[in-house]
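Below: a set of structures, written as structure tokens.
In the two assemblies presented below, subunit A is common to both, partnered first by subunit B and then by subunit C.
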Partner chain A sequence: MSRAAAPVDGRLAQRPASARGRAGRVLLGWLPAVLVAGGALVVFFPLFWMAVTSLKAAPEIQRVPLQVLPDRWLNLDNYREVFQRQPFGRFLLNSALVASISALSSLVFSALAGYGFAKFRFPGRDVFFFAIIGILMVPFQSVVVPLYLWMNRLGLLDSYPGILAPDLVSVFGVFLMRQAIEVVPSDYIDAARIDGSSELGIFWRVVVPMVKPALATLLIVKFMWTWNELFWPLVIVNSPSMKVVTLGLISFTNMYFIEYHLVTAAAVLSVLPILALFLVCQKWVVRAVVMSGLKG
Partner chain B sequence: MRQWARLLWPRTYMDRQRRAGLLFVFPALVYFSLVFLVPLVESVLGSFYRTVPGGVSQFVGLRLYTKVLTDGTFWQSVRNTVTLLLMSVPATVLLALAAALGLHRLARLRWRNAWAAMYFLPFSVSLVAAALIWQWIYDPVYGFLNHLLSLIGIPPQKWLQSFDQVLPSIAVVNVWVRLGFDTMIFLAALQAIPAEYYEAAGIDGASRSQALRHVTLPLLNPQILMVCILELIFNFKIFDQVYATTQGGPAGASQTVIMLLYDTAFKYFRLGDASVMAIFVFVSLLLVTLLQWRFFRKTVEY
Partner chain C sequence: MRRGISCSVLAALLLWTLAPLPAPAQTKKLVYWTHWEQNPEFNKWYEVKGKEFAKKHGYEVEVVTVPYQGYEAKYLAALMGKSGAPDMFNGMTHQWCGQYDFCDRMPADLEKLWDENIPKYMVPIGKWKGARYGIPLEHGNFQQMYLDVDLFKKAGLDPDKPPKTLDDWLAAMKRLTIADGKGEASQVGFAIRHKGHPVGITDKFLPFAHAFGARMLSPDLEKATGYANSPDMVAALQFFGDLVLKHKVASLALGNPEDAFGQKRAAVIFRESWFFGWVRKNAPDVTFKVAALPCGKACPGAGALFPWTNLIYKHSPNRQAAWEFMRFISNAKDDLEQHQAAGFLPVWTANLESPYVKGRPDYQSTKEMLAQPVPPTYFHPKSNELATAFGEAVVGVLYGKGQPKPLLDEAAAKMDKILKD
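For the complex of A and B:
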């Protein structure tokens, strides 16, 4: 089969050929690899550039023959200054708290709803399910004004419940959990039912253990999404102590003068936890992306 | 009606089962109604009311619609959004397709997973952080990009601060952010294509480029379409990148629809006008999604 033997290094070129022809083929065999790797480096460069800039002192980044690497690796002065200028630790904590609660809450309610949609028949089931999927068509920005007015009336502006309000259950989560639970064999559920287990008991002891990978996926992805969110926090947060990390990042910018040594250090601080989570859990994230893609 | 009554007062085992199912989905249903459906209705209603300072709303019929939809600033923001979209979407999809095909074909490439991860990484970065990193690269005086240009003798450009270059510059950020997402989808789809198809193509004497054209791309068609639509929706809602860098400037050159909506609602507190824009965004994306469904019905079967 030709695909498995893809001539990465041109070795498949078996026909005897002139030296020049063979060299050409070797080059052609290498070309895609060079392009793919080169593209990867280009895509990676901005992250690298952020990281090295965060280690440079202000005068260093303004040196005129531009210098790529920092004078002193492990120069953490910028990071120290980020925490001195703004309560950045508080921002990180706020984000961690908000993202964790929103991920956990989505997990619980999406799993419950997913189980209901996957394994029960009740009047209106399909209508309800498609109504929920239909919400994917409603851009959040279309409902933001009424939501803001509600939060204002409820006195929840500038509070954790206010930041969390629109993020407690995710449509994608319901969809993902329904897909995952649908393939759990109903025999197990029926067997537990015959043994006299309650419906919630079946959910907890039979269904949940069998869909752990999907639960992990949802947890990670929802955490990432909430951590990276800007629009709603921007609307609802006023005081510095309630800012999440995306807002904290923006507070380091200014239309006229930007201290990039600080901005990049703050950006590293905001990106690093998610980047690490992503690298460790890449398998699950890819799964979620593919699922969210398939949902359209 | 009777089946609903039997849900409330279940008589048989099946009734109790139905009620259990409904109870499982109930919290999510209530939540989504509160957070999406009711506010959406309120948005529609709000677009007919003008809020007078002091908090009194006054019914004005369609007057806000005529006001917003005849406003040059609004259409400028729509034009900017569409321009951005036309610059970002094709580039993202084509580059992602190339990257995925490359990564897939080079199954034996050394460190293949590391190369793939590099493409995926920007996807995990927040749009704010992405925008700020790029703003630094675009810096007219000390930025890396102008440094590169100076090496080949091109004078420094103003990028985000230039009236003509600001939209393409933001488009590059969009492509960078979304490339990984699309590459992941394409790569997964490519890996799902059974090897037999290529064997058959090989037996029929197809060259590699013929196999690409007649086997891979047709099989990838649903994913390509889907990614295009997702990108369309994503780019239509562009806000974070613009807010973090240019705030719509210079002189409105990068003002997008959502950016204008945000300013109208939360900077000038013209909530009625903002609601009209919200309805506009909703209807536009609804049309895109409906088009997508029509497309999908036709193209998914092969």
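For the complex of A and C:
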């Protein structure tokens, strides 16, 4: 007779149940990992597809049945053509410059404004604050023409200051910094004031060190937003030497067709700096996403 | 110390990058904006010619290529701003001269020269309310039939005798369609445009409408009802929808039609003359021929929904020089040279029998299409909005969301409202 058919005592009766429980626990333990792996695959696959497509010749992309891997892994012709057709290195440099300056400038202005709104009482403070926040609701497209006229009047068309002008201050940044500075205990600020520190001194020595995570968040988020900005540079830039990377990217998508082999190569090039930023500041980027998601 | 040096180097680098580019020598420039990114040789030609022009008139030409995606916003901002705008630009006359009044009228002598030297169907291109503002740029911007020679032969069809009537064409499409085991088409006869902006879908459907004797708007472009939903239009849309839903000779499962043709999954596509350059580059395995579109009650003829022209900005301080430049390049020799460099059809009638044009795969079909009556044109300032409303009805039929008649009735009412507003 098999053991299963034998009369069972209490322990034997419990065994199948606890085996099921163990299996369930193991499954539950693995489930998040499987889900995360699936999610990672979903996120990673488009990047992988972009990278392999950038190594394919135009006819390879058209081939049926679809072929995932390129014929030649070391085929860099598309990259060569991207650089031949456009001064793509210059575009990358322009984007890096514009994104860096706009991120740093937003950091300074937003932190100062945030400090003012969070820790000072003055007439109309809340009205001003909500008026600034209200700007978030105005679509940028609706102010493009007047902004363009202003830039033209100031002689800033087709120049770095012209590209940067609307990005020097961030409304989102003001909001983020105000929220972050508000939780800094006022006692510290009062103590520094009693000790005779100037307001800027208090800001620099007391407030800034306590809101470093928020500052890092703003720096990263603003850098990425400006890096991805297309519309304003499109309007204000004319000469090839002033174009930013997003303009370089869309130049491979014209009225009639998309040059997939070149778009993907250019996209890989434009993603690399952001990827590098991510690798260097991984901890901060994750925090940035979480913070901006919670407070934005 | 080291930190100080780093800061100085960084500051110097920043100043260097922010410093304005070296000022050019004292030559006057005519600035030309174009969104034709796909034709760099065509655009560069203006600069080359500008150098020649500068010797006589003192003005060079600077070409600014604006990305197609979003070019309208840039044009609008600049042209409204008056300064900081181009002297010359590439655009549609009815839009920039009709809707916005940004254009300078062409001098009479130049107008006469152009009217006399371009194919008949192109004469209205560049005109607004009877006056010429724009120089037509693109001949061959009408659809023709590209057919895959190998797939035709495999289906027992003669690629040298392409179907001439819509009935024959449909019969050929059926023979060219191959179904897989599940009844889905693994190869279709016709690569149909069914995705993307409705304006593009309207553009691809119009040859069918014209072949059925229909037109989208009244001849004076003031009315849609009775035209966009006429019995002929309903029949045309029924025919178009049946290609997908009844005869299954076209498939919505295939992505964009160009890829389907390039991948040999579709035997026929209707596209403009530039398309053969695309096929040669992206699908060199495809052996193709170009033929005139088949006719129904009428022939579709050579017509364009997007008539691109060169225009002169009316507030440009250099507009006289700009017209002088246009006059300078308005001759058959330059027309041939510029279009040949870009690989598309020249505009001047005198060039249509040149060895360059005769050597093109679309020579014969272009000739046949030009011999057909000129189809209706829709050069209305709101043509984009109108074509969008109309295209939505076409999409609705293709995706089985309704019958042609009610969808076209709805579209016509919407179009009339757009026309009245």
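Just so it is clear, the second predicted complex is superposed on the first by the 223 of 296 C-alpha atoms of A that agree within 3 Å, B and C clash if a C-alpha of one lies under 4 Å from a C-alpha of the other, contacts with A are read in each partner's own complex, and residues count from 1 in each chain.
As a convention for this text, contacts are C-beta pairs under 8 Å (C-beta built on N, C-alpha and C of every residue); 3 or more make two chains touch, one makes a residue touch a chain.
What you are looking at is a predicted structure, and each value in this text was computed from that prediction instead of being measured.
J.: Give one of first, second, both or neither to describe whether A:L275 is in contact with subunit B, with subunit C, with both, or with none.
T.: first
J.: Of the partners subunit B and subunit C, which touch A:Q62 in the superposed model: first, second, both, neither?
T.: both
J.: Scan A:F257 for contacts with subunit B and subunit C and give back first, second, both or neither.
T.: A:F257 sits against subunit C, while subunit B stays out of touch.
J.: Scan A:K283 for contacts with subunit B and subunit C and give back first, second, both or neither.
T.: So A:K283 meets neither subunit B nor subunit C here.
J.: Does the superposition put A:L97 against subunit B (first), subunit C (second), both, or neither?
T.: The second partner, subunit C, only.
J.: Examine A:L234 and indicate which partner it touches, taking first as subunit B and second as subunit C; both and neither are also allowed.
T.: After superposing on A, A:L234 lies in contact with both subunit B and subunit C.
J.: Just subunit B (first), just subunit C (second), both, or neither: which does A:A267 touch?
T.: first
J.: When both complexes are superposed, which of subunit B and subunit C contacts more residues belonging to subunit A?
T.: The partner with more contacted residues on subunit A is B.
J.: With the two structures laid over each other on chain A, which partner does A:Q141 touch: subunit B (first), subunit C (second), both, or neither?
T.: both
J.: By the touch definition at the top of the document, which applies to A:S159: first (subunit B), second (subunit C), both, or neither?
T.: So A:S159 only meets subunit C here.
J.: Where on subunit A do subunit B and subunit C both make contact?
T.: 61-62, 141, 144-145, 148-149, 230-231, 234-235, 250, 253, 255
J.: Write out the stretch or stretches of subunit A touching subunit B in their complex.
T.: 1-4, 6, 8, 32-33, 35-37, 39-41, 43-44, 46-47, 49-50, 53, 61-62, 66, 109-110, 112-113, 115-117, 119-125, 128, 131-132, 135, 137-139, 141-150, 165-166, 168-169, 171, 174, 199, 203, 224, 227-231, 234-235, 245-246, 249-250, 253, 255, 258, 260, 263-264, 267, 270-271, 274-275, 277-279, 282, 285-286, 289-290, 293-294, 296
J.: So in the complex, the part of subunit B that touches subunit A is made up of which residues?
T.: The touching residues are 3-4, 7, 17-29, 31-32, 35-40, 42-43, 46, 95, 98-99, 102-103, 105-109, 115-130, 132-137, 139, 141-142, 144, 147, 176, 179-181, 184-185, 188, 195, 198-199, 202, 208, 211, 223, 226-227, 229-230, 233, 236-237, 239-240, 243-244, 247, 249, 258, 261-262, 265-266, 271, 274-275, 278-279, 281-282, 285-286, 289, 292, 296.
J.: Given the complex with subunit A, which residues does subunit C contribute to the contact?
T.: 14, 17-18, 20-21, 31, 35-38, 40, 64-70, 73-74, 76-78, 80-81, 83-84, 258-259, 262-265, 272, 274, 278, 281-285
J.: Enumerate the contact residues on subunit A facing subunit C in the complex.
T.: Per the stated touch rule, the residues are 58-59, 61-64, 85, 93, 97, 141, 144-145, 148-149, 151-152, 157, 159-161, 230-231, 234-235, 238-239, 241, 247, 250-251, 253-257.
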